[in-house]
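To start, I am sharing the structure in question, which I have written as structure tokens.
When the chains are written out, they are named A, B, C and D in that same order, and each has its own residue count from 1.
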């Protein structure tokens, strides 16, 4: 049953040094505030999972909190490469992270299989692709009816999933609308989950087939308006493209990165997020 | 005829012409996205555009900066979870054209977007494959767009992120890959198609004003040309205006956001 | 690309003697009108698939059009057994159909795998259950990571899927809302599909995450108001429970069954369906 | 105390008492559905009811006649596709209580709802397993409700539609089934629990006014009783009123439909 907590409490109660954790969001609804709280609490030695690690994973890596990353596309969408990730993989700063690399299809299947309680995902993947030569977690099974060789990878079952959603109702049911990504699967595949939301409402009043996570599937709910910034929350605020472009420059050198993190993450609290979206609020008249 | 256009514009417009109303395209960001939307706004209004964020049948009024922009969802027929996108729509064999870009490309349409150098100790760590490994095998055909360069079009790629025609000829079939694979390469200088037998990308049409030598000078392998080499028609006024209007709308929308 | 046709044309163009066909609907949106059209056109030797075969499958079987049935629960929901199905299996009247029997989970997985383009579905199923002894299409695969023995069954890939939906737009996109069953999967798993709809509208104006089948995934669309009766269509009319209870009596003897079929199916046209729902129309003031 | 009630009502109410606010029940139609909703309307308002039609967290005002009634969707927190129901919710291990009925039941909680007689040439063809085979293995615990009869409670069932404790003791574990299996049997005469060692269903509590002999006379196997045999408390006024009101609302809603 979901507990309503402050983000500070939710992170310290649910995430431990050495855990396997995912912060999911597919361009939309990326849980930035949660990642910053983890950085402030300096919870390290993490194995971080995400289909599309972008700015927050660059930050976690640059701050030295990451032991290993499982992923399928490490880029700053629409901008370029991830400079802190590259510095770690190419030069070992601040530490050389271990990587387990997959394709999007594989990761999506692995979350889906995790949510479905299966030990592995079976799909048609990696045909002729070299990742299967470098990733020992890509194996095969034979279809017992056609003899076709199919691909198998272990399902993803993180210790903790962080997601950001539009709404929770008073009971703790969570509503996600728009681009859904793999968030529902990530929560259902994980042992524990923390959901930050834009708003807490009396009733969700949602479409019968809308994506709703019942309260008993979630560990903690935190009211964090703006908690996805510079990602966006459909119906609330737009993507802050300028911030993504700026990140490329901020992350380009180690000192610049550290200074920015001190000023914008370590020395501030979760409340800064609601100021950051002020100029991005969705306006129906626009 | 209009000669006042860039080679980038020519590339995007040439790619758009290859698309039809019946196509269901799995679209990547950048040149592919622009090409698909130009096709939609000109000769192929009924084309179906799918972005891997789960948005099916989108008709964005501006170009998305990422594959998960809000504009894609707002204009889509339906937005589905990402696992469904890869299971039912890509793996289900419903995509006619997968559009891919490349950091490195070889003559058989094999693509590297993973690393430069050695996988364990890369010189340059690139973003990785994303959707590409399965797009390359599940979409009926693959169209590739990239700007030509000696660094990009190479004799041997450093990593097989996604499989094109492998070593050529029937290599795909021998791996039980039953889709066509790369069937079109559109660069800023030319249009290429695979040789029917060897599957080597062979120049089919050179963009107006470009020479054979220029195409070779910007390609790291020894090029072959089809016998009846064609000349790519320059962009029409309509094509150029549609592309520029789209880019202008996109820029305006993005800058307005920052001005707020 | 979907064609708008009369149901008569759609059936004769898409369904052939000997085809494998499913009429899906999970209590809600069962395509009764389509099954009756198939019966009028006497298209026989069919392999029929459905998780919950009920009245229309009893009718197809009783009319001698069925060679084989693949299913997981053959009952008249809330009423009892299926008398024509029993007569076929127990006494061979009018012919003894072949059966391939599964569980609900297996059938749902098999449709899902069909939609996903896979040759088989892999899941955790039939543990200790005797169906695996009598159904040779239940096999196993071993998870290459944990060694767990998982269950595999062939994916379902019908020649034709029939479903009933609330709305189509002018272009042919289909909207389904409420209890969704396996209809989307059935259409995507099938080579051809026929969708009857309550209404054709200018725009679906639907929720972004609503269940929509794009026009190019459907073969034929037919405007058949009431086409689900005595099943129901959320937002249009309620389930006609009395008809389900009556069916038990009608199907209880062979002559009564044949007379009813002549009078209510063979001698009438698709237009009768809109009259049958007149007293069942959903009323918001109720 | 109220003695003016039927054994059916006693069965439903006894079953409802076994449920708590923390339970997530996979509900079948008939007695289980009534029991779950009585629990929800009395002592367990926060219980989660899931029907295999995909409706999660339903709170029907009337009892559904089928597992896919509109009422279930209208009052649900969310309605998901049926494949998701079986994959994420049942197989995903999220169900605490699976409620099953039986045409034939043996002392180890193995259930037959498939055939009477031989599978290839059945004397009576029953509906089949539906969701039961995987409910039996995936739900953390299985509660069974049925009216006792010599035909229903048998020494040996004709077909293992769903696996209970097999031959008893650790048979489940030996098949790698890691859930508890049948842990409660509620009949119109008694409440049964498995013996901790043998797993044989053993009478734990006899409904008020029922004798040991009556329980044995309506059961096809030689019954064992727990040492400290209890007496099931009769329905309270509130329980009985809640059940009867629910049934009356249901009847009224259904007859109104036909009167229209």
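Throughout what follows, contacts are C-beta pairs under 8 Å (C-beta built on N, C-alpha and C of every residue); 3 or more make two chains touch, one makes a residue touch a chain.
Owing to the predicted nature of the structure, the values given are computational and were not obtained by experimental measurement.
Across the two interfaces under comparison, B-C and C-D, the one joined by more C-beta contacts turns out to be C-D. Mean C-alpha positions place chain A and chain C at a centre distance of 39 Å.
In whole angstrom, the spacing between the mean C-alpha positions of chain A and chain B is 28. Residues of chain A in contact with two or more other chains: 112, 116-118, 123-124, 148, 178, 180, 185, 208-211. Multi-chain contact residues, meaning those touching two or more other chains, occur in chain B at positions 73, 79-80, 87, 91, 138.
According to the touch criterion at the top of this document, the contacting chain pairs are A-B, A-C, A-D, B-C, C-D. Those residues of chain A whose C-beta lies close enough to touch chain C in the complex are 116-120, 122-124, 137, 139-146, 148, 150, 152, 154, 177-178, 180, 207-211. On the side of chain D, the complex with chain A involves touching residues 22, 24, 48, 56-57, 73-74, 76-80, 87-88, 91-94, 138. Of all the residues in chain D, the ones that touch chain C in their complex are 29, 52-55, 65-70, 72-73, 79-83, 85-87, 90-91, 114, 119-120, 122-134, 136-138, 159-163, 166, 172, 175-177, 254, 257-258, 260.
Residue ranges of chain A in contact with chain B, taken from their complex: 26-28, 51-52, 71-75, 77-78, 81-82, 85-86, 89-90, 101, 103-106, 108-109, 111-112, 123-131, 134, 148-149, 178-182, 184-185, 211, 232, 234, 238-242, 244, 279-280. Residue ranges on chain A touching chain D, taken from their complex, read 1, 112, 115-118, 173, 185, 188, 204, 206, 208-212, 214, 216-217.
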